[in-house]
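Take a look at the structures below.
Look for chain A in each of the two complexes below; its partner is chain B in the first and chain C in the second.
And now, the complex of A and B:
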């Protein structure tokens, strides 16, 4: 982000991704740890800032405000754009 | 589309046509992929960069000194709402681009906050697009893209970038923010080009 001032807005937290992404992930994505490709901040997906009054879901880094992931559900496909994410780490039960 | 330079009555309802899959709204929903920047008109600068690298810039006063138009247009959002007869004031892209030498076919439009959208240059010319600063007689509110937004009403509204900062003329098409995430590259509401492959 730049030093621009921002007005209050209607974003929600990353838990809003749980329902939509349950369609493509078997694990709960909101507890996964994401690493921001812009600033390196790491934290649970649930802490991302999600803008959903939009043509898709836009999740931004809680530290730097840059886009970490975008999710678009079309009539027949799901597009998950993760160019703003270095890694998405899931804790899983031991095999 | 009507280009109005004065008062005119509203079209009768029967004349209003909805593109396929759209419904009419009388409100003006705010869609946003990020925080709403608070930008001052006085500090606003618009740039157009040709494919040669030659950059043209207009400060706010430069823009206000250009001939303005008052388009009344229908808006069609890809999230399926349409709004009829919205009244704007701004500058035709024909005026802004008149002195820009280019052989490019494509543009990439950028906003404050990082949003981008790609539009063929031909779709910004011939009376089809404006940079607008006034909506229904009032300075354009930040949540609707003020102080300056693009208005390209014949394409889905995501192409009418809010908080307009720059237009790059390019030889190659480069998908913008939504176009690279599954939305259609062109976005014609009358052909219902919502998603890639439509």
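And now, the complex of A and C:
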């Protein structure tokens, strides 16, 4: 929480990833629990802080501010960099 | 029921759809509600949003996200657009789009900032400006599903002239309490001095943390972060405080 105070206030949050990530995934990634590779914090992707002024979308950990996920869309491809994520956990209804 | 809406999309990649403007509603000078007919629209969950794409004749294309304002239903939705002074998309949508015009949208998307009629706990809605839009969809979804779970809405707005859905909120619904927090100019006789949201607003008009409500906070980023931090300070579990940030609005 504390790191947020040093960041500009035009960022949004992981809710804004729902449309872009739905271009590549059929499950809703924003409700999946992500684990930050830097500090180990877990929580729904919807709670990440998302910066849109880069060429693409940069999602940072709400706790430590480190980059968890990056998404860049060009005219013909989508690039997803997930170096900052240890796991993504999805709840699934029993078969 | 709600699940069917989401699961209907599984296996099908999100695609752009063509929406037709079938009506316009003026909220106040800078805010307009667009009524959209969308063939094959599956309906949405209250709180979800859509991405809207506009393409110029030279091929330049840009997109923005807008929360759905209306009650979930197939084939139809409403979005409310606040025109921003230097906006690239919002002035066009708010002022220039006419009945019969077409626009591209995709969705509904976002499964986290949603309220489902089967939720039984009390609900606290905290809106900053046009952050009211997805929360209004929750209020409407509760109404149309015959819901009885108590809702409280704290709505922070500049002045009485800057209200969204004014008439509908004034008419009210049983079990819905509405509190207006005016930031610049309050109506005559108002007890609260105009000003930004403070923790005592949430104490006086929200739910005690021990009632374990789900709190939905939506608005400009600075507002949403402040209000949600206050809720956590007041003892609400961070897992029960769901936030959607709109970014800076250049207010």
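The rule is simple: the second predicted complex is superposed on the first by the 88 of 95 C-alpha atoms of A that agree within 3 Å, B and C clash if a C-alpha of one lies under 4 Å from a C-alpha of the other, contacts with A are read in each partner's own complex, and residues count from 1 in each chain.
Quick note on the criterion: a residue touches a chain if its C-beta (ideal position, glycine included) is under 8 Å from a C-beta of that chain, and two chains touch if they have at least 3 such contacts.
These numbers come from a predicted model, not from an experiment.
Once chain A is used to superpose the two complexes, chain B occupies space next to chain C without a clash. When the two structures are aligned on the shared chain, A:92 is found in touch with neither chain B nor chain C. In the superposition on chain A, A:30 makes contact with chain C only, while chain B stays out of contact range. Looking at the shared chain after the overlay, A:79 reaches chain B, while chain C stays out of its contact range.
In the superposed model, A:22 lies in contact with chain C only, and not with chain B.
Panel annotation: after superposition on the shared chain A, the angle at the CA centre of chain A between chain B and chain C (CA centres) reads 110 degrees, nearest 10.
For the pair chain B and chain C, the least inter-chain C-alpha distance in the overlaid model is 9 Å. Common to the chain B and chain C contact sets on chain A are residues 1, 4, 9-11. On the chain A side of its complex with chain C, the touching residues are 1, 4, 8-16, 18-19, 22-23, 26-28, 30-31, 44-47, 52, 93. Those residues of chain B that touch chain A in the shared complex are 29-39, 78-79, 112-114, 142-143, 158, 178, 180-183, 194-196.
Only residues 1-2, 4-7, 9-11, 51, 53-56, 58, 60, 65-67, 70, 72, 74-75, 77, 79, 81 of chain A touch chain B when the two sit together in their complex. Of all residues in chain C, only 3, 6, 9-14, 49-51, 65, 106-107, 109-113, 220-222, 225, 229, 242-248 touch chain A in the complex they form.
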